[in-house]
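Have a look at this one.
For clarity, chains are labelled A, B, C and D in written order, and residue numbers in each chain start from 1.
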Amino acid sequence: MNELDKPSELSEFPVIVSLPVLWGDQDSFGHVNNVVHIRWFESGRVAYMAQAGFPIVRPEAGGYGPILASITCHYRRQLSFPDTVLVGSRVTRFGRTSMTVEHAVYSQSLAALAADGQSIVVMFDYAAGKSIPVPAEVRAAIERLENKSY
Amino acid sequence: MNELDKPSELSEFPVIVSLPVLWGDQDSFGHVNNVVHIRWFESGRVAYMAQAGFPIVRPEAGGYGPILASITCHYRRQLSFPDTVLVGSRVTRFGRTSMTVEHAVYSQSLAALAADGQSIVVMFDYAAGKSIPVPAEVRAAIERLENKSY
Amino acid sequence: MNELDKPSELSEFPVIVSLPVLWGDQDSFGHVNNVVHIRWFESGRVAYMAQAGFPIVRPEAGGYGPILASITCHYRRQLSFPDTVLVGSRVTRFGRTSMTVEHAVYSQSLAALAADGQSIVVMFDYAAGKSIPVPAEVRAAIERLENKSY
Amino acid sequence: MNELDKPSELSEFPVIVSLPVLWGDQDSFGHVNNVVHIRWFESGRVAYMAQAGFPIVRPEAGGYGPILASITCHYRRQLSFPDTVLVGSRVTRFGRTSMTVEHAVYSQSLAALAADGQSIVVMFDYAAGKSIPVPAEVRAAIERLENKSY
């Protein structure tokens, strides 16, 4: 996304994906259902990893990859169709085997943040079936993307 | 659910719903996708409110109802098809306008908890478009269901 | 969508929506799951009706609206993330109380049609709870949009 | 499912799966959204293949498996939460490389068929990336399950 088009609410987020709200995303209360935000967060994480240089590969390919340990979402405003959301993602913290991804969902119709939250992602060795320390190459790539050191 | 069939991991949860894992719940990693747990939590909340005597009604009916303010899920074990999960719900805390619902997802195939988390639910006056103090009747009904005072 | 950007495979479709394939749209076979195409068709129908001047309203608003009587989808090519699909919609036929909507899904990654199909939509009087003849205003609006008479 | 509990509307279907309608299956019209039926059909197909002795395996395992060529669903009655549906599946026809699966969705709340339809499933050699004649072992297993010859 062009920096000029990025709303100030997302200025700290290096990776933004633009996603349409679908009519079918709404539940019987007439608003976007709470599971949809979690799907948006996922799309944001996947885009983040791809932009950092680590596209998501299927476990069959071997090697390591991120798996989700926990997720939190704060629902700030009710959304409805039609709308387009901008989903921002950034890494705010590294643990030994994990990293924290912050998410923000900006509604273009409301011109406001509609939700935010965070994911804890663990680096996982698919063949060994266990978590591993965050590889130095992943951390370095994220530091380049975020333009800072953790 | 018959108390005799309830796994000990769910013994503190007064409301349990049994839900099948669907083949289509799995994502390209071959495990149940993280959004599915959030849908399970929702099904648990809806069942809880119904069992307390407050079935979910659509906002058009007027009156008040619960809306979701935030959700957290901890993914403990990877699930896959086929399986059946038991989703436990209980209310652990009341705020002035909110209540905290704890969730636990038990996998029958794994005979273990697969996920847990919590929702913060706010009581909302649909006509007025704003949150309201938890009505005394709701609190009383939940105290009966939980067999305790908050 | 700008006519110049419209692929020739969609040249007969007056309404096109562009939708991103999400990572989570993929099932455990590693391809976009078959239910996702049905959601895309729905998004196409909703956009079509809006562009014809009949945005989808909730039944509570009274009046009439379209309900889905049947759907068919032919899966032509397997899709995967990342990709963007263009979903074309057009009305090809009117019955007394129904109309036939044709759908086509074009994959930008494959530069080819990935799926096509049709929906039969029935005009429904929400208050009366029964189907009604297609209102003359709906038919006229669609004839304008399609630039033809049926 | 016990034959005694099987509704007469499903008497011709050798494989039945029982699935709960979830609150979140409903869309903003307050009824079960049309994509949900397609997910139910999928769950029926998967159960059918498993009961015939061919559980769904991921393509990485090599060999062959069924892929969906087309699907049709007729929506007969509007469904809503709470309800439980019984989804019947049967194979009605073999082509050289394909078979036709018929689906029926019975609503326990309505005590009536709510939807029916069919899938065309093609046998696919994952390694070769092309369809293959329906293997004799698959056809024999289905003839045993259906208790007839095609």
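Just so we're on the same page, contacts are C-beta pairs under 8 Å (C-beta built on N, C-alpha and C of every residue); 3 or more make two chains touch, one makes a residue touch a chain.
Keep in mind it's a predicted model, so treat the numbers as computed, not measured.
A rotation of 180° superposes the C-alpha trace of chain B on that of chain C, rounded to the nearest 5.
In terms of the distance between Cα centroids, chain B is separated most widely from C. Comparing the residue numbers each copy contributes, chain B and chain D share more than half of them at their mutual interface. Centroid to centroid, with C-alpha atoms defining each point, chain B and chain C lie 35 Å apart. Averaged C-alpha coordinates put the centre of chain A at 30 Å from the centre of chain C.
One finds 24 Å separating the Cα centroids of chain A and chain B. Among the residues of chain A, those in touch with two or more other chains are 23-24, 28-30, 33, 35, 39, 42, 58, 81. Note for the complex: chain C touches chain A at residues 17, 19-20, 22-24, 30, 39, 42-43, 46, 50, 56, 58, 81-82.
Contacts from chain C toward chain B in the complex involve residues 23-24, 26-30, 33, 35, 58, 60, 81. Partner chain B is touched in their complex by these residues of chain A: 28-30, 33-35, 38-39, 42, 58-59, 67-75, 78, 117.
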